[in-house]
Structure formats: C-alpha cells, structure tokens
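Beneath this line is the structure, given in structure tokens, with notes to follow.
Going by the order they are written in, the chains are A, B, C and D; count residues from 1 in each one.
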C-alpha cells in the first residue's frame, strides 16, 4: 500500500494544473507511505522559502495521517499538543498538507503545497491527492 | 543511581502491555540518568512521527526532572519559560514523558510515550515508569 | 538564465525514461540556477538512501559548476580541496551530478542521479541534462 | 514485507544474549523496512558514543541494502563512492550493520551493533538478524 512514482507524478501534475488555473505560484511535494520524498516540482517565481514548507507539509501529513490544518488546531497555545512542531526536524501545522488515499481509503502517501494562501494551498493539495483515484 | 538495561527493558515492555490492553498504538522510549537512549520499541502501525516525539518526551522529562505535561504549563505564551522547546535540539512539552524513580525516590531515567491521546500516553508512561519498583 | 519548471520536468522525465530503458532504479533531482530543488522523482524500489544523494549531487554540481565526478578527483586525501564535502550541509563528490546548460552554453541548473552504478548514474544524468536542448 | 515489533524485539534480544556470551558491551538498534527506528537497547556501561553509531549502522544497512562493512570498501579514498558518508545525515560505513531478511530472502529491516570490535559488532549483528528466521 505505497504510492507509485507514476501516481506521485500524476498528483504533482494535477496540483500544478490546478495552481496554474488559479494563477497561484506554488511548490508541490509528494511523499510515499514511509514519508520519503517521492516527487516534487517548484513553479517558476514561487517563493524560495516554500520548497521546504511544501516538503514539511507533506511529511507532517503522513507522520500523523492528518490534514496539516487540523493538526494546527491542536498545536496552538493551550492546545493539547502545543509546539509539537519542534519534533521530527520541524513540522508544518497550517493548511496545505493532506494524506493521499487509494480507492480503498488506505493512506499511501501525502501531498504538501506551499506558495499561495493557506486556503489555496489546501485546495490545490486536495486536487492533487484526489487525482490518483479519478 | 542509573537505570539498568534490564529495568529499561522492563519499563518498555510494561508500557507496551498496557498499550496493547488499551488498544493504543504507541512508540515507547526510555532514557537513562544521562538522558541517553537506553531502550525503545515502536509498535506496528503506530504513527511515523511518534518515534521522535517519544524519544524527545523521555529526554525532556529527564532534562528537567519533570512530567512533560507540567513543563508545558510553563512554556505557553506569557509563561515563565516560554518557548524553551527551542533548546536541546527540540523539546516536547505536552503529556507523555515522565521521570523514572527507583524505590528510594531517586530519578534514574525517564520514559516517553507517543501515539495515543495525551491522556493515554501519560497513563501508559506512568505504568512503564512504575513497573520497575513493583 | 534560470531553468524553468517545464525544462526541469523534461530533464527529470528524460532521465527516468533512460533509466527504465537500462533497467536501473534511480532517484533524480534537478536544481535551478540558485541550487534550489526544482523537480524530483524517486523510482519505485530504488534505494532509500539515494533520495538525499541525488539531491546533494545536483546541488554540488551547481554549487561549483562541475561534474561531481571531476570534483571528487580533487577531494581525495592530498587533493587540493580535500574533504570539501564537509561544507554546505554535505556534498557528494562522485559521479552522477552534472550542470545543465542552455543552448548558449550557460549553466541554468544541475541534475543529480543516484541508485545505479556511478557510470550508470552519470550517463543517465547527462541524458537528462541534454534533453532540454534537443 | 516489513519487520514486526515482535521480530525486532527478538532480534535485539538475540543480539544482546550473544553479546553477553562474548562479554562485549554494545548498543543494538533495529530499523524497519522504511529505515525507521523499531527497537533499541543499550547495554550498561557500553560506550555513550555507540548509541548513534548503532542507529546509523542499521539505517545505512537499509538505505543501501548492504552490509555496512562492504559499503566501507567502496567509500575509501579512491573508492567509487568516496565520502558518501556525508549524505543522509551521516552514514556509518564500517562493519556492524546488516540487512534483516525474512524466510523468503526479502529485506524487511536492518540491525546495527556498536561497542565492540568491528568483527564482534558484525558477528553480533548477524546473530540478531538471523534469529528471526530460526
């Protein structure tokens, strides 16, 4: 139950098409079931700082099998896992990272998008994740 | 006054038995009096991101001889040691890490548990810590 | 004079096609003129350790505008830049990383390949680099 | 095809029994198919510096599916992959890390041992790796 490189490429390209349609410049990373980088693309003129953010969003989503935005609701001051971002070499806990599931609902990897607003990033990530079961 | 590897193994296995009883998938780490990793086990299917969190909980508990949940009350915005998580390569300051004491109440190490809810993690860690004086 | 993401993707895919033709399982990374990750793909079943090696080969090739294999001839014991691998968060100084040039011979990025023998990696990297001017 | 925590624990304990029989003080780490830490134990009085060496030996063995001692023959000055140790956050390329295979010969993880001589470390690692198919 691991994403293939063809699926990872499909997800990255679907996310890229969606980003272009919206006129948003992003970095897109896909990790496999082991949270290892599987595919990546950085759109021209996107933020330099978004390379690492996109990769960390994808890894975070797979480390804890969660939408990174949902994780962030728990890591705020007073939250139950406040400051968990200090683990695993740095987590990203705002929207833009989502698990990738296969047709049976099994998590096989994750995708992270960074460069737009958090709503844009999340929407693009979801498009990418869903592309592999269309 | 340092935990032995037999005691560390006993604590890890006691914690594991308790986790299995509760149906919680966790990573369990024990560090010695020097905050060095002494024993570790990662249950199948537990979160990938919990390996590092469990180890950091154990280290944090021994670095400051404190229940990590109690530490977290002091690290919030406005707290007296706000953002101390930036030190020591990353601390974890929510529940799941507790010091391990011998029969005389001397701290000889610490245990960290990650993978369940923070209440489950703390309860499992306490079970592990107490096992060596039973 | 910077590689575009379309060119980076073309180079990665050309390298992948060549690797598949040879039956070699590799990781392929392309960095831009700023040595920032631009595109990446990890073939199924390739070595886990090759993700980082491929990225470091690409960065090394651009950091010093050199074929990584040629750099390695200078980093041996007694060599003029012995152990330069300790800089920049870790360099890779054996074959598999090459600069990418545009039609005018200007370096616009670099490509790194890891997973096969060093000769295979270098040959695949060269195929990828040349693809963008064909 | 991933090692279970019961198998990982069995390998660690088999290695420990062998080390005790030989009177060698070692650290023993087992990683899973994804090169993630699965089980670990540190014998009393073993070298502090061997914790990280044991973990890195296990990871290195899985990163490249190789006996770390065999890898080291290729990383010497003049070797084909000289200084690859600078990748992946630090590799260890002398004996003591070996892949763990299941009964069908599939690699399902790796074990790393550090603390004795390199011959002792390798022999203990092999004992640990083989224990899961006995």
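What we mean here is this: a contact is a pair of C-beta atoms (placed from the backbone, for glycine too) under 8 Å apart; a residue touches a chain by one contact, two chains touch by 3 or more.
Worth saying up front: this structure is predicted, and the values here are computed from it rather than measured.
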{"item": "Chain pair repeating B-D, as identified from A-B, A-D or A-C when over half of the contact pairs by residue number coincide", "value": "A-C"}
{"item": "Chain A and chain C, separation of their C-alpha mean positions in angstrom", "value": "25"}
{"item": "Averaged-CA centre spacing for the pair chain D and chain C, given as whole angstrom", "value": "29"}
{"item": "Euclidean distance of C-alpha centroids - chain B vs chain C, Å", "value": "42"}
{"item": "Where chain C touches two or more other chains, by residue", "value": "48"}
{"item": "Chains that touch, pairwise", "value": "A-B, A-C, A-D, B-D, C-D"}
{"item": "Complex interface listing, chain D residues touching chain C", "value": "34-35, 60, 62-65, 77-78, 80-84, 86-89, 91"}
{"item": "Residues on chain B engaged by chain A in the complex (per definition of touch)", "value": "47-50, 52-53, 56, 72, 75-77, 83, 85-86, 90-94, 117-118"}
{"item": "Partner chain D, residues of chain A touching it in the complex", "value": "33-36"}
{"item": "Residues on chain B engaged by chain D in the complex (per definition of touch)", "value": "2, 4-5, 8-9, 32, 34, 36-44, 48, 51"}
